[in-house]
Structure formats: C-alpha cells, structure tokens
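Two complexes are shown next, each including chain A; its partner changes from chain B in the first to chain C in the second.
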Partner chain A sequence: MRRVLTIAVTVWRELLRRKEIYVLLIMLAAMLYALLSVNIFGLGTTARYIMDLGLLMACFFTLVLTVTISSRQLPDEEKMGTIYPLLAKPLTRVELLLGKWLGAWSIISCASAVFYLLVALVVRAYGGSFEWRTLAQGWVVHLSGLGALAAMGIAFSTRMTYGAAASMSYVVIASSFCMLPRIPEMLVGLKGARATVLSAVYYLFPHFELFDMRLRIVHEWGMVPWTSFTILLSYGAVLTALFLFVSWLGYRRKHFQRGAAL
Partner chain B sequence: MSIAIDIHDLSVRFRERGHTVEALCGVTLSVNAGEVFGFLGPNGSGKTTAILVLLGFVMPDEGEARILGENVRNPIARERIGYLPEKAETYPFLTGRELLRMAGGLFKMPRAALKKRIEELLDQVYLSEAADRRIATYSRGMLQRIGLAQALINDPDLLVLDEPTGGMDSLGRMEIRKIIAALRARGKTVFFSSHELSEVELVCDHIAIIKDGRIAARGAVSELVPAAESLEQYFLRTVMRSGTRTGGAV
Partner chain C sequence: MAAGVLASLAALSFSLACRLTTDPSFTPPASTSLLGRLLGESRRAIGDDLFEQAERYFHRGVGHSRKAVSMGFFQRLSDEVQPRVPEHLAGGDIYEMMPWLRFATRMDPHNVDAYLGAAFWVAAQDDGHQQHALDILSEAQRNNPDDYRIPLERAQLLIHHGELHKAARAVDLALVMWENTRGVDPGQKRLDRAALLNYRGFLHELDGRPAEALVCYREHLSIRPEADGVRQIVQGIEQGRRSRADAERVLGAFMKKKITPDEYCHHDDDHPHDHETAHSPLDLSGH
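Our next item is the complex of A and B:
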C-alpha cells in the first residue's frame, strides 16, 4: 500500500504544481461572475439559473480535468523516461496503475468539492436555496462516475498516446450522454439484428450519464432513494474495477523499447 | 565468489518498420559480485537492450537472465539493485529531496532511516544546498547526480549505470568515479555501459564488448588489452572485426 500511496502523492505534487486546477477554479469563478452580470433571457440572477449553469460548468470542468489528468499519467512517464528508474524499483505494474488512479481520482475529487462549494456559496449569496443533502448525494455520485472515468482514461493510455486516449475518452463520454439515453426510444418497434446490436451497445457501453444528478439538485426533486444510490455507487465501483483490470491487461507485459518486441 | 549478473544465451528481436531486428543474439555473460564491469559497444550494438532485459523492461525471446540469483522477471530481484538510465530525466516538478523521498518510499524504507539516508546521499553527490530546489532548475550534471542518488537510495548490492558520465564535465566525471570507487571498496557490484573509454579504463576490472548484438570480447582489462595498446585502440580493433575473444584468447 505504501508504494501505491507514494505514487499517488507524486501525482498530487505534479498536479498542484502545474496549477491547472487553480486555473479551472478561477475560470469557473470568472464565468459565474460573468453569467451573473448579464441578464440572459431576462432570467436575471435567479438562484436556480445560477445553480444550473454553475453545476453544468463544475461537471464540465471536472470531466475535462479527469480525462486530461488520467490519460496523460502513463504516456508522460514514458515520454519523460521516468518510467525506467520507476519500474527498476520493486514496484509492480499493478501498484503503479493503482497509484496513478488513486492520485488522479483523489485530487479530482477535492477539486470537484471546491467547485460544488463555490457554486453553492454563490447560490446562497444570491438568496437561493437548495437541499444540501441532495447536493451532497449528487457530489458523491459524481465522484463515483469520475473514478470510473479516471480508470477508463488510464486504461486507454496503457496502449495509446495521450492525445488518442483523451480523444477516446471524450468519444465514450459524449456517446453516453448523447446517444445511450436515446437507444430505448430507438428500440421501440425495431426487430432483428439492428435491435440486437443496439441492445448490446446499450448494455455494454458505460453509462456515465447515470452519475449526473444536476436536474435533481437544481429542480429540488429530492434525494435519490438509498437503494438506487447504493446500486449507482456499486455500478461506479464495478466500472472502475473493470477499467483498472483492463489497464493491467494492457500494461502488465508492455515493453518499453523502440519498436515493438515480437 | 557469487555471481551478480548471469546472462545465458539471451536473444531479443524487435520489429521495426516491418523488418525484424536482432537486438541481442545468443549473449552469454556473467559478472562476479564486487566487480566494476564495463559494458562497451558502438551505438546500436545492444547495450541498452541488454540493460533493459536485466531490469525486466524487455522480455527475452530466448535465454535467461538472472540478477543476484533471481530471475529478472521476479520483482524481488529489483529490491537490491539501483539503476541510473542514460538520460537521467526525472520529475521536474519535484525537488531533489522529494525525489529521493519518493524513491525511498518505493523501497518501503522506514521514515527515520530514509531521512538519514537522504541527507547522506545529498552530501555524497554534492547536492545538499540544492536539495530543496525544483529539479527543473538543475543543470545537466546536477540531474545526473540526483539520478545517481535515487539509484543509490536503497544501498544496492548491484548498481546498473547506463552512460553515467554522458554530458558531464571533468569535475562531474571525477565525482562519479569517486562514488564508483567507494562502492567497489564496500564490495558492491557496478555494471555500467559507456562510450567513454578513458572512464572505463580508470574504473573497470572487467569489460565486455558487444557488437551487433553479440559479445565480441570479454574478460579482465589487464588480460584483454595488450600493454602497448590503449583500451580505445583495442576497442576500435575489436569492433572492426568479428568473432568472440574471451580473457585474451580468441
């Protein structure tokens, strides 16, 4: 465990010193301020509108952060050449992958807590109200999804460059938000091979859209029942474990040398 | 005398642009514990590939490699070795002290012992004053020295150095030589590849010359190199002809 934590601490140090998180936090604050200053569609500064846009930006920024951070961890090590002295130590590849995932996920979790808190404070400052418990539940569910997303980014990057892994992650995220929720409607009245393929896509693709509780928070629909909440967290944990397992399969015998070994 | 490195009939092949390249072909080599062993060869001869096999980064297609009695695939084998790669690139966002703390953490060293060891090493590589500066601000020589310090963090029984003096000034080279001499005095094994034959001549007991993935010569420096010749002359003569020469006899 100490080796995993050592790698995770190094990921933290890197991310804090690269200052990307601060930049996104400043951007979020600036965008919230800008949105409050302009009276879009005559909505003025109604708290619900601020909450909606604020949470949307918080989710967007954390998604970008997660994909960026997780997809570059392993390719950066290889590009810098630091993978050689690292793996020459008694560090197994599983420990390296777990350390990278833990470091990336834990710092993104902290960043998302700050983002949510900022949005909540701004909403409060403008006299808005919301259910703290629903917001907290939404944040925990969001973290579960980010854990799976971080593991997916790492899984892609075991065999791809940073750019390719990040692009693949964005394609999967976009598909799960834009395409997957439409599939049940498309399946109505559809039979044969097309229906089978669509059903397979629906059930095999990761459903990241399930980890988005913004509407429930913004429109004050109340908390998710605890059973559904537990199932959702379990789904996140299973996805994370699955992607980490795929990462291990992709990385366990990877050769670090010019060209590929036969 | 125990054997620190034992390579037997090792072959590694790579595919590059549709062609198969034999990086190593039937390499057999052994290094006794306590030796300072120079691994020499022209560019692309297979030196780095052999080192990468020893560290478990590249799996051999044929043959076997053992370090300190353990198969290189076993992570336990890496508990007692230190490695400095050719380009000692390291994390620019860490300070020198943080890098050493990280390296010690990977060996699960007790915190108090690690703290003491870090101070010793920083002193040994003349980086005590720069220890709390970010590595991004280090010069080439300082990078090499902090890389060497992280390789020594676990007080390894076997130190593998890939071009340790590359890009260093005379003072830096002398410091590396001193460190190698100190390790030898303590009975440690040092295996290093180098182009700098004058360095090899100064510090090595034994050498092997590799050419096109095959061992062209190996043995004690005093036995291999004729008295009237320098190591550089011998090296050039060896890489320009084929065949294996062992301990002075072809």
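Our next item is the complex of A and C:
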C-alpha cells in the first residue's frame, strides 16, 4: 500500500506542476462572473440557471481532467522512458496501476470539491436556494463515476497512445450520455437483430449518465433514496474494479522497447 | 495587356457591386452581429432548444416523456436518479425560466413564442411587472414587425389592466397583421383570429357599440361554430338581454383573475390541457 501511495503522490506532484486545474478553476470563476452580470429583461438575474450552468461546467471540467490525466499517465511514462526505472524498483505492475489510478482520482476529487464549492458559494451569495445534503450526495455520486472513468482511461491507455485512449474515453462517455438513455425509447416497436444489438449495447456499455445528479440538485427534487444511493456507489465501485482488472490484463505482460513509443 | 485585363476586371467588379447594392431584390443579412455571422441559420435551432430548456425549467427540469420499453435494473435506477413526473413552478420561481427565454430571444430574435412566454409570465406575477412585459413585447415587435401574436398578447395585457383604448388599438393592429403573418400553425392561427374577434367584440361592448360587437361575435362563430358561449352572447345582444353592464362585470372578473401555471401548461401529452383557455382566457359569459 505504501508503494501505491508513493506513486499517487508523484501523480499529484506532476499535476500541481502542470497547473491545469488552476486554469480550469479560473475559467469557471470567469464564467460564473459573466453569468452573474447578465440582466434578464431588466429584472436582474436568477440563481437557478447559474447553479445549473455552473454545475454543468464543473462536471464538464472534471470529466475532461479525468480523461486527460488518466489517459496520459502510462503513455507519458513510456514516452519519456521513466517507465524503466519505475519497473526496476520493487514495484509490481498492479501497484503501479493502482497508484496511477489513486493519484488521478484523488486529485480530481479534490478539484471537483473546489469546483462544486465555488458554484455553491456563488449561488448562495446570490440568494439562490439548494439543499446542501443533496449537493453533497450528488458530489459523492459524481466522484464514484469519476473513479470508474479514471479506471477506464487507464485501461485504454495500457494498449493505446494517449490520444487514442482519450478519444476512446470521450466516445464511451458521449455514448453513455447521449445514446444509452434513448435506447429504451428507440426499442419501442423494434424487433429482430437491431433490437438485439441495441439491447446488448444498453446492457454492456457503462452507464456514466447515472452518476449525474444535477437535475435533483438544481431543481430541488431532494436526495436520492439511500438504497439507490448505495446501489449507485456499488455500481461505480464494480465498474472501477472491472476497468482496473482489464488494465492489469492489458499491462501485466506488456513488453517495452526503448524508443518504440517515441 | 495585363493592365488592360486588370482594368476590365475592376470595371466588371465595380458594376457588379453597384448592381448588387441597388437591386431591389438584394437584402442585407438579417443579422450583422458576430454571433449571427458565425452561427447563421443554426441560431434558430439553438433558440428553439433554449426555449425547450425554459419549458423544462417550468416543469422543474423534467422534459417531455416518451414511450419506452422497460429495461430493468438500469432504467429503474435511472428513474430514481432522474425524476420523470413533471411538476410546475409556482410563484416567484417562475422567474427561473426567464434566463432561458432571454437567451432564446437573443439567439433567435424571431422566436416569438419565447417573447410571448416571457411577457406573459412577467405580467402574471403577483408583484405585477406590466411595464416590463410591455417592454418585452415592444422589443419583440421591433424584431418581428409583421407578427399578429405580439399585439394580441399586448391587448390581453392591456385589457387585464383596464387600459381599454390601447387594447382596442392593439387588437385592431393584430387583426390587420393576421393575414400576413407566416410561420404559425394554421389551426392555431384560426383559433387566434377567433380570440382576436372575441376581444374586439368585447371591447366594442364595453364602448357601448353592440352592433359592432355583434359583427365580431358572428365572425367568431363562423370560425368556431362550436363556441356555444359566444352564441349565447349573440342571442343575448340580439334579444336585448345583454347590456354594457354585463360586459363590465366580465371585465371586472377578468382583471381580478390570477394566472396559474397549471392553466398555462398546454403542451405535454402526459398532463391534459385546454388550448382555448391558453389562447383566449376571456370568458365572456362571466361565469
């Protein structure tokens, strides 16, 4: 476990050095400021849409961060040749993968906490109302989804370049947000091979859209029942474990050649 | 040689430019803003989407429901996370959909529905922002000078606030514009004309001109023969049973009437609605 934590700390150091998170935080703050200054039909502005767009941007930024960070960890090590001294140390490949995942997920969790908090404070300062408990629940569910997403990025990157792994991750995310929720509607009146294929896609693809509780937070529908909350977290944990297992399968016997990835 | 060719090309370009700018069929682009140039016609689609977002806000974030096959675990979990049964906003919360209506009109200034929705809900609030609503309609009229729906909404607003002469002018303007308005569903347009005639007849009644009111009501009946309420009013005026005092009583009730979100909602298949109430909230019988 200590070795896993050491790897995670190196991921943290690298990300803090790159300053991407600060840039996104500044962008979020600028966007919130722009929204606050909008005057709606001479009536001033309202808080709910600021909450809505603020959380949307927070989710989007964390999603981009997750994909970027998780997909580049292994390819960067290979590209720079730092994978060799790493593997020469008393460190198993499982520990390397777990450390990379833990580092990526933990820093993204902190970043998303800051993003959520910024949005919540701005909305509250502006007189908007929302339930803190629902917001906290939504954040935890969001983190669960980000954990699975980070594991997926790492799984793709074990056998792909950074660009390809990131692209694949975006394709899966876009599918789960845009296509999967529509499949039950598309299946109405559909039979045969097309119905089978669509059903297979529905059950096999990861449902990242389930980890998005913005509707409940923004429109004050209240918290998700605790049973469903537990199921969501369990689903996130299963997806994460599954992707990390796939990562291990793809990485355990991978051969490296100096200069091959350059 | 080259100079000659260049001179000829310059002369050709100049004459073509003169022709393009003086030809009566030449019209400058509707929008010269950066946004307009960048997005072109896709502004309309984006504007419609923003208008739909306002509708979703009106239903507390829940969109239109469609038929779907039951997909077991994932769908049940999704239903738990994302509420599916719409509820209406009420009171001051109605303002929460205004930003989206504003963005819709900014994106597509020809989105009359967005303007009408904004003006309607601004005026319907308890604290009454009639002037704001009228300002919204003025902007809508500037951007859509030929659309009868804007003076129709203005007339409803003015009647609600007892400004009858201004309302009569707005109705007359709407009736003139009605013929040339494009892009409105024919069935809706027919209903709107009936509503306009209703308002005009009613305003004539209030002005003490029952003969002119009768003309309007009869034309209304030619459009909507099933309108029994209007038929009874026609009979009442013809038989001398209905007087100006009756119309004033109806006006009094109309001015006190509060708008409820449930009354406004008239789009979703999953909750029943009444189009006529939405377009002609004036109950002439005074019941």
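One rule holds for everything that comes next: the second predicted complex is superposed on the first by the 251 of 262 C-alpha atoms of A that agree within 3 Å, B and C clash if a C-alpha of one lies under 4 Å from a C-alpha of the other, contacts with A are read in each partner's own complex, and residues count from 1 in each chain.
Just so we're on the same page, a residue touches a chain if its C-beta (ideal position, glycine included) is under 8 Å from a C-beta of that chain, and two chains touch if they have at least 3 such contacts.
Quantities reported herein were computed from a predicted structural model and do not represent experimental measurements.
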item	value
Fit or clash between chain C and chain B when superposed on chain A	fit
Which of chain B and chain C A:His207 touches, first, second, both or neither	second
First, second, both or neither for A:Thr82, with chain B first and chain C second	first
Which of chain B and chain C A:Leu91 touches, first, second, both or neither	first
Contacts of A:Arg253 with chain B and chain C, given as first, second, both or neither	first
Touched partner set for A:Leu56, first chain B, second chain C, both or neither	neither
Spatial angle chain C-chain A-chain B, Cα centroids [nearest 10 degrees]	150
First (chain B), second (chain C), both or neither touched by A:Val224	second
First, second, both or neither for A:Arg18, with chain B first and chain C second	first
Shortest CA-CA distance in Å separating chain B from chain C in the superposed model	41
Chain B and chain C footprints on chain A, overlapping residues	none
Residues of chain C touching chain A in the complex	57, 60-62, 66-71, 74-75, 77-78, 80-83, 95-96, 98-100, 102, 118, 122, 129, 132, 135-136
Residues on chain B engaged by chain A in the complex (per definition of touch)	12-16, 20-21, 49, 52, 55-59, 61, 75-76, 78-79, 81-85, 87, 89-91, 93-94, 98, 102-103, 105-108, 147, 150-151, 154, 160
Chain B partner contacts - residues on chain A that touch it in the complex	2-3, 5-6, 9-10, 13-14, 17-18, 80-82, 84-92, 253, 255-262
Residues of chain A touching chain C in the complex	38, 40-43, 45-46, 48-49, 141, 181, 183-185, 187-188, 199, 202-203, 207, 209-210, 212-213, 215-216, 218-221, 224-225, 228, 231-232, 235
